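First up is the structure itself, then whatever we jot down about it.
Think of it as A, B, C and D in the order they're written, each chain with its own count starting at 1.
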Amino acid sequence: MSTDIARIRGEVCDLHAELVRYNLVVWTAGNVSARVPGENLLVIKPSGVGYDELTPENMIVCDLDGNVVEGDLSPSSDTAAHAYVYRHMPEVGGVVHTHSTYASAWAARGEPVPCVLTAMADEFGGEIPVGPFALIGDDSIGRGIVETLAGSNSPAVLMRNHGVFTIGKDAKAAVKAAVMAEDVARTVHLAREHGRPLPIEERDIASLYDRYQNVYGQSAKGETTA
Amino acid sequence: MSTDIARIRGEVCDLHAELVRYNLVVWTAGNVSARVPGENLLVIKPSGVGYDELTPENMIVCDLDGNVVEGDLSPSSDTAAHAYVYRHMPEVGGVVHTHSTYASAWAARGEPVPCVLTAMADEFGGEIPVGPFALIGDDSIGRGIVETLAGSNSPAVLMRNHGVFTIGKDAKAAVKAAVMAEDVARTVHLAREHGRPLPIEERDIASLYDRYQNVYGQSAKGETTA
Amino acid sequence: MSTDIARIRGEVCDLHAELVRYNLVVWTAGNVSARVPGENLLVIKPSGVGYDELTPENMIVCDLDGNVVEGDLSPSSDTAAHAYVYRHMPEVGGVVHTHSTYASAWAARGEPVPCVLTAMADEFGGEIPVGPFALIGDDSIGRGIVETLAGSNSPAVLMRNHGVFTIGKDAKAAVKAAVMAEDVARTVHLAREHGRPLPIEERDIASLYDRYQNVYGQSAKGETTA
Amino acid sequence: MSTDIARIRGEVCDLHAELVRYNLVVWTAGNVSARVPGENLLVIKPSGVGYDELTPENMIVCDLDGNVVEGDLSPSSDTAAHAYVYRHMPEVGGVVHTHSTYASAWAARGEPVPCVLTAMADEFGGEIPVGPFALIGDDSIGRGIVETLAGSNSPAVLMRNHGVFTIGKDAKAAVKAAVMAEDVARTVHLAREHGRPLPIEERDIASLYDRYQNVYGQSAKGETTA
C-alpha cells in the first residue's frame, strides 16, 4: 500500500503543474485528486497552498468520506465533492476541479457547451452538460456531479455559477479532460460570436467518439497518452 | 524597526513578480505597497522602473503623507493614493494598483462587476464596485477608493476610466485580490457575451463569503495562503 | 537516404515546439510532417504522445500510403490525410494540422477568413478557404484538403467543424503558415466584433502577394526565413 | 561613430525581445529601428530573420534613404518607411512596426482608438489616429505615418488594413509606445463589447498628458524608464 500512496502523491503533485501550464487556474483555485487503487483512499491538494509550494510530501491522504488519514495541512475545501465522486463512481480514478475561464463563463449562464467540433466529439461524445447550483458544505456538489454525468458520455460537468469538474480512469485522464474542456469551451464561445456554429450529426458524433475512445493513441483507450 | 523595513522591502519587491506572472501589468504600469507594522511608514515601488529592475534596495520608504523617508528614486506616482488609504483604513496592510485588462474595461464603462460566480462570492462578498473619475495630483483618488470601499465587502474597487485598486491585511492579500479581480472580471465579461449570467441569491453570496473568510485555507482567514 | 531521414526526423521533432510556442495546440492535438526528398516517404509525429516527450528517434517514418516503415509507435491518427496530400501535391514538402482556437472557430461556422489585412494578402494571397466536413478513417479529409487548396493561393485550409491544415515547400513553411493562419484568424475575428473590416482591392491583394512571395526575406521565396 | 553604431546595434537587437515578451509579434513580422545620433544612419532588423536568431552583428545599418551601409543580409522590408520617418521627423530617434492583434483589428476597420482611459491620456494625449491604406514599394507608407502623426499628440499611428507604427525619442520609447498601444487597443476593444465607454473630458486628457510627459518617472520625460 505505502508504495502506491508514495507514487500517487508524486503524480497528484506533478499534475497540478499541467493546470498552471494550460492557464486553468490562478492563485490556489483548482485541484487534482487520485484514488489509491484497491484502497478506500484518495490523495488531494492541501487547501490554499500555492502551486509552486506543492510537494509529494504535502499532498493529503483522505478516506472516501473526506477524513484526513495522512497529512499535516487541511485538505482542499473541495475534498467532500471529490470523495463523493469516488464513493459513487467506482470506475473513476481521478478527479479535477478548476474555475477555468471559458468553461466557467458557460457555467455562469448555466448553458451546456454544444458539440460542434470533431475534437469535442472525440473527447466528450456530445455536449458538456451543466449541473445544479450547489453550496459547499454538504453532499450537494458531489451529488450534482454524479447525477449530471450519469446520463452523459462527457468526462466534464459545468457546475452552475461555479466552474468545471472532470473525471478519468486516472488523474492524468481527468487533467486531460480539464484541458480539453477549456479548449473547446473557448473555441465554441468564439465561434458563436459571429454566427451559428454548424451542427455535427448525432451519428457522426457517435462514430468519432467510438473511434477515439478505442483506437487513438498508443493503447486501446484515448486517455492513455504518454 | 529596521528589521521590519528590510523584510517588507523584500516582500514588496517580490510581490511585483506576481503582477507580471498573472499578466496584470505591462511595462511599468502597476504597483504594490505595504504598511510597516507599528510605524507611520509604507514601502512602495519606485516610479517608472521596470519589473526586472526591482530590488529590495530600490524600493522606496515613505511616511503616510507620501514623503520619501528612505530611497534615492522617486516613489510611484500613485503613492499619494496608497498613503491616503493607509491613513484612513488602519486595518489595511497592503495596497495594489493595476490597469489589468478586463477590470479596466469594466472601469472604462463605469460598471461594477456583478457577483455571478461562487469564487467571486468567496473573495469579494458581492459585486466589485466602481469609484469616481479622479485626476492624479491631490487626494481625490485616495478619497474615491476609501469612500467606495466603505460600503462594500469587496477588497477591490474599479476607478472609473482608470484601473483597479485592491487592499488586504498585508501586501500578499492585496495582490491576491488583484489577481482574483482580473480573473472574475474576465469570466463575467465573457459570460455576458452570449446572454445573461444567472444571478446568485443574496443569502447564498453571504453564506459563501462567510465560509471563505473564516474557514478556507490553513488558517482562520481566506487571505492566508502559503 | 538514411542521412536525409535522420535530418528530417530532427526537423519534424523540433518544429512541434513552434506549435507549442505559439499556443496552436493543447495536450497532443496537433502534428507536423515532412516529405523525405526523393523518396516516397514521410516523417510524422507519433499518435497521442505529449510534445515534451518528442525526440527525433520516436518520430515515425511512413510510406505515402501511410504504412509505417520505421518506428515502434503508431503514427498520428491524421497520417492518412498527410499522406494523401503528399501523393497528390508533389510540390508540397511539409504539412501541419492543428485545432488552433480562432481558425477552428471560423471552421466551426464553415466560414472562410476574408482577406482584410496586408499580412494576410502577403502570406495567403486572398481568403483562407473552407473544406468539407469529413470523418477520419478514409481519404475524405485528404481529398477535402487537396480539392479546396486547388483553386486557392492559400497554404491553409479550414476543415469544417474540425481545424486547420497547412502546406509548404518544407515543414518549416507549413508551420509558418499555421502560425500566420491563427494570427490573421484572430485579428479578423476581433476586427469584426465592432463593425465591418474595410475590404482590400483585389489588385492590391495580388500585388502584395506577388511581392511577398518573390522579394521578402533573404532569398527568393517568402517562406524562407532563417 | 563606430562606438555609437556598436551600442545601437546592441540596443536595437535587444529591444526586439520586448516585442516577443509582450506578444506583439509572431514569426518575423515586426521590427525596431534606431537613428544613429549625429549621423544620417539608422540601424534596423534584417528581413525575415527569426527573433531567436537576432544578434547585434546581424543588425543592418542603412542610410536615411534606406540603402545598406553595413550588413550582409537584406534589411527589413519596412526599411523605407522607417527611413522616411527619420528624414522628415528630426526629433524621432526610434521607430517600431508591429501587427499586434488588437491594434491591427482597429486598423482593419480604419477606426481610431478613442481616449477613454487615463493611461491612454498619459501616453497618447488623445486618440490613436488612423493613417491611409498604402502599398509597400514607394514612399506612401512613410508619408502616411508622418502626415497622420503631424496633427496628433500620439506616438502611435494605425495604418489602415495593416498594423501599427510608433515613434519615440529613442528606440526604447518607441517600443514602449508599441506596448502601450496594444494594451489600450485591447482594453478599449473589450470595454466596447458591453456598452459605451464613458468619455474623458478634453481638459482632463490635456492635464493628464501634460503631467505624464513632464513629471512621471525618474527624469523629466515620461518615456525615460530604467
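Note that a residue touches a chain if its C-beta (ideal position, glycine included) is under 8 Å from a C-beta of that chain, and two chains touch if they have at least 3 such contacts.
To keep track of the chains, here are their UniProt names: A, B, C, D = L-ribulose-5-phosphate 4-epimerase.
This is a predicted model, so every value here is computed, not measured.
Interface note: subunit A and subunit C, two copies of one sequence, contact each other through mostly non-matching residue numbers (shared numbers fall below half of all numbers used).
Rounded to whole angstrom, the centroid-to-centroid distance between subunit C and subunit D, based on C-alpha atoms, equals 31 Å.
For the pair subunit A and subunit D, the distance between mean C-alpha positions equals 44 Å.
In subunit A, the residues that touch at least two other chains are 193. If touching chains are joined by edges, the resulting network of the protein chains shown is one closed cycle, each chain touching exactly two neighbours. The touching residues of subunit D, when paired with subunit C in their complex, are 26-29, 46-50, 53, 73-74, 77, 99, 101-102, 104-106, 108-111, 133, 135-137, 160-163, 189, 192-193. On the subunit D side of its complex with subunit B, the touching residues are 22, 116-119, 176, 179-180, 183, 186-188, 190-191, 193-198, 200, 204, 207-208, 211, 215-218, 222, 224-226.
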